[in-house]
Amino acid sequence: MTPDLKVTLAGVEFSNPIMTASGCCGYGEELADVFPLEKLGALVTKSITREPRLGHPPPRTAETPAGMLNAIGLANVGVKRFLAEKIPWLETQKTKIIVNVAGSSLDEYVEICAMLADCERADMIELNISCPNVSEGGIQFGTNPAMTEKVIAEVKKVFSRPLVAKLTPNVTDIVEMAKAAEQGGADVLSLINSMVGTSIDIETWQTRLTNNKGGLTGPAIKPIALALVDAVHSNCRLPIIGIGGIATAADVIEFLLVGASAVQVGTALFVEPDAPVKILNDLTSYLKRKQLARVTDLVGQVRKY
Amino acid sequence: MKKLATTTVSVTARRDLRNDYYSLTFGPYPRVTKCRPGQFVHIRLPETDILFRRAMSIASVDTDRREIEIIFKVVGRGTTVLSRYRKGDQVDLLGPLGNTFSLPKKSERALLLGGGVGYPPLLYMATHMVRSGFDPKSIEFFYGGRSDRDILDRTRIKKLGVNFHPVTEDGSFGQKGLITHAVESFIQGQKKDRMRIFACGPEPMLKAVDDLGLREGINGELSLEAPMPCGIGVCLGCVVPLKQGGHARVCADGPVFAIGEVIL
Amino acid sequence: MTPDLKVTLAGVEFSNPIMTASGCCGYGEELADVFPLEKLGALVTKSITREPRLGHPPPRTAETPAGMLNAIGLANVGVKRFLAEKIPWLETQKTKIIVNVAGSSLDEYVEICAMLADCERADMIELNISCPNVSEGGIQFGTNPAMTEKVIAEVKKVFSRPLVAKLTPNVTDIVEMAKAAEQGGADVLSLINSMVGTSIDIETWQTRLTNNKGGLTGPAIKPIALALVDAVHSNCRLPIIGIGGIATAADVIEFLLVGASAVQVGTALFVEPDAPVKILNDLTSYLKRKQLARVTDLVGQVRKY
Amino acid sequence: MKKLATTTVSVTARRDLRNDYYSLTFGPYPRVTKCRPGQFVHIRLPETDILFRRAMSIASVDTDRREIEIIFKVVGRGTTVLSRYRKGDQVDLLGPLGNTFSLPKKSERALLLGGGVGYPPLLYMATHMVRSGFDPKSIEFFYGGRSDRDILDRTRIKKLGVNFHPVTEDGSFGQKGLITHAVESFIQGQKKDRMRIFACGPEPMLKAVDDLGLREGINGELSLEAPMPCGIGVCLGCVVPLKQGGHARVCADGPVFAIGEVIL
């Protein structure tokens, strides 16, 4: 008997809990050369802003112990070209599409989401209120509960399908942010975005990123992400998409056990572009071995001392 | 065959070259027929403390034996790990990746410029041209290095029948000086519109070649390097600024760019 | 010419900037079997509490990608036995001693520090206001600027030698905490303590630590620590001791470049107990190669884009 | 010689034993003369994605050749990496660490109990006793495993001249059943005050041995395992609760504890 991998978040059914994380899968075209995107529960697009953005000048990535730093700076084609050029191709793909939206002002978030409202293939919007790589204000939303609540509430007025609030780990109390997001009307929470970090070249004494600092991601941050998902799950009723350092089915299972209903794979795609396929196979074997009928049987089942 | 895939292959041969250079041959590699000069493979270093794959230009292919070769110099942690692989060890390759050098017209004179660790893709280019019926004597193979110890595979290059121009900074082998100077004096008084440059090497060299090409009106292509987290175009980490504005991804839009195209 | 490795923090001269971090070198006895402690700039003791503490039951450590989790739970002999049994031995060692103090109430901090006031070999006290492994309140001090200021101001009244405030990274704005510590009268800042994290055994579904969560340390967190030291150095004038994932001289140099005047080596001691000696040798070679006369020539010299 | 140090040694021999067990011999190890039965070495796995050292009991020493041997089973990532080491590869050892089994009186009967991967320290103990002049026939060597494939080094054990009692759960070799049952029936009707137990093995086995010792009034020692970040007593990660209250560090206060001392 094949275990049931389907998960439902805010009324939307996903064929399985494995999604690709924003900024780690472009708009899907390249990954589609590696595996059929219908294998994915969902694809989350690179953050879309109102205007096209080049991002920061290179170098904008650096390798770190079991992780990486990036300060891409929200390079993207802008919402107009996204709708004109990227969505038509995405419409041909048999997977759910979550469009990640970033802005540097309340207006910008609302305007972009309004433009996506008519785009049926935007199954959900994920609000990136937590990107550490833009100075104009992106991260402020995610570190301030009132602003978190406000931006979500305003976006909900213009976008009727489910809204995912993507939380930053760079806060004293993530539960406070989760509750603010819930208060604002978020349907789902996703966490975590990257941790602020930096790296210095000891030969040149220069920072390794033109932005001087960047976002730390990859296996290194997995324990942090797990603790934060656990904290939010224990204190908030919204469904959670777990993100942070996921590379294997074992990682996915850890996130499900602490309360994530689905997960996103980010940095691991750079190392193994077909990681989602391997993860799905191994997750299925695990469920069979543990004689579990549904992947949802794992959610929140962690045993604490 | 999927357009892009990771493939597990074995090391079928290993050569310890001079001055910390190594050659590794991998096979059987079913994707060998898809490989073209200028392309690279992205090599996983599993179970090490190194997260990212390392990009390595394809240095030669053997379609009969379904093997590909890479040549690299040990300069850091990634290449140190690579240099430990022995015959029989398994390796995971993502590729072939990137665009390719474009073949010149048969009437054109091809100037191949390999500087240091930039040599491997030009070896592939020269071999591919000769195999594709180009007159070896239409190929000027410039190979630059610090000194004698940096010029690899001399017999192999000569066997191709190309015009071989080794250049070393200290003059210990071949011409003395910088590879770009050697090329400059070579082209003096020659018809520039019938020449095409193909170059790979350290950034200052590529910049000089780019300047030279623009100044002298010689068309051609440069193969660039950049730190490459993904190698397939999804992370946007490897970009270079373009003269026309905007960024190009070295991994997916390159690594080969036309002279005059990118800001070096 | 041998480069000068001496550093002076708050008037105290250290023979070099390499210290061993609290909780990673016990009270020094074991490490003294590996190398003469006089090699160290200073030894920072395990956190001392008023009463002896057993700490949490095992398991209380777990391995993670390029890092580890610990929830030791401040196991220590208590201040009385520390003074009676540990200090006499430490007095025979030719290195500076920084006594790390933890408490679950303002009173406890003050009482312990008062007891240490007469102990001359306590060259400095490092206040652990940031331990994530005790539920009684330890971490609250470090995440609340008013409490941070208060506990430091009160301790300063009873302990006249320099005071180091050890900051937690688990806050939205570490600069705010640094300034509060400065306001309270701290002489030196040390950062970072561990990041909150967890790990789950996917076979048993149980958390890997009896405390259910723990502190993430080791190379994995180095980029985070560097960014935080940089932020504090750019916004606060107190000297900084950099901590987090330091294993090599290259790591030390990165911390000095972003503004640390000294560093502490923690988790790396578990892997290489003589790491400080190797670091010192490599640091000296680096200074020679770069023709720098003093290690202090590196402090804060990072070049930003 | 420093009391504690890391030492770089080479793999001088490697034996691929049955059922995923391996033996590695390292040398030259100048600290070989400091080693005693019950002690362990902490082995670094550099350049891998594994942070901590792995503890391995010393299985034998050869003071003339200055070599020590470890025997391990591949059960996880650390032991997989270890199993790849070949003759000539370099390894970094911290040790010898921990306390030791105490030698019994010559008049006593020594019951050595090795369960599965707990066998190596008892091999060392038996060898050490015989070399120290103990009558091999005063040593009862119980060795338990799941089945035939788990009982290693049979000739080697027999050569020691000890009374060899192999026990397998499925009865495919030696006595059928659990090692503790075999010991229980062995001691029936014997003088318990002249016996001493030395045991190492999985936790349930040690618990049963502890119970047996207390119940039957037989003194002895148990060698424990725990995850060991540091191995030298500074991290307090490896503690076990003591019956008298408090914690003991398995690495520095153990790994050998008296029967009745710890809460299992």
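Letters A, B, C and D mark the chains in the order given here, with residues in each chain numbered from 1 onward.
In this text, a residue touches a chain if its C-beta (ideal position, glycine included) is under 8 Å from a C-beta of that chain, and two chains touch if they have at least 3 such contacts.
Just so it is clear, the model here is predicted, and its values are computed rather than measured.
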{"item": "Between subunit D and subunit C, distance of the C-alpha-averaged centres to the nearest whole Å", "value": "37"}
{"item": "Subunit A and subunit C, separation of their C-alpha mean positions in angstrom", "value": "34"}
{"item": "Subunit B-subunit C separation of Cα centroids, rounded to whole Å", "value": "48"}
{"item": "Subunit B residues counted as touching two or more neighbouring chains", "value": "49"}
{"item": "Residues of subunit A engaged with two or more neighbouring chains", "value": "64-67, 218-219"}
{"item": "Topology of the chain contact graph, where touching chains are joined (line, ring, star, complete, other)", "value": "ring"}
{"item": "Pairs of chains found to touch, sorted by chain label", "value": "A-B, A-C, B-D, C-D"}
{"item": "Subunit D residues touching subunit C - in the complex, by the definition given at the top", "value": "2-6, 44, 49-53, 94, 226-227, 229-241, 246-247, 252"}
{"item": "Subunit D - residues contacting subunit B, complex", "value": "47-49, 77, 81"}
{"item": "Interface residues, subunit C side, partner subunit D - complex", "value": "23-26, 30-31, 33-35, 46, 54-55, 57-68, 70, 72, 75, 218-219, 267, 269-274"}
{"item": "Touch list for subunit A against partner subunit C, complex", "value": "64-67, 69, 143, 170-173, 195-200, 202, 204-207, 209-213, 216, 218-224, 226-228, 230, 245, 250, 253-254, 257-258, 286, 301-305"}
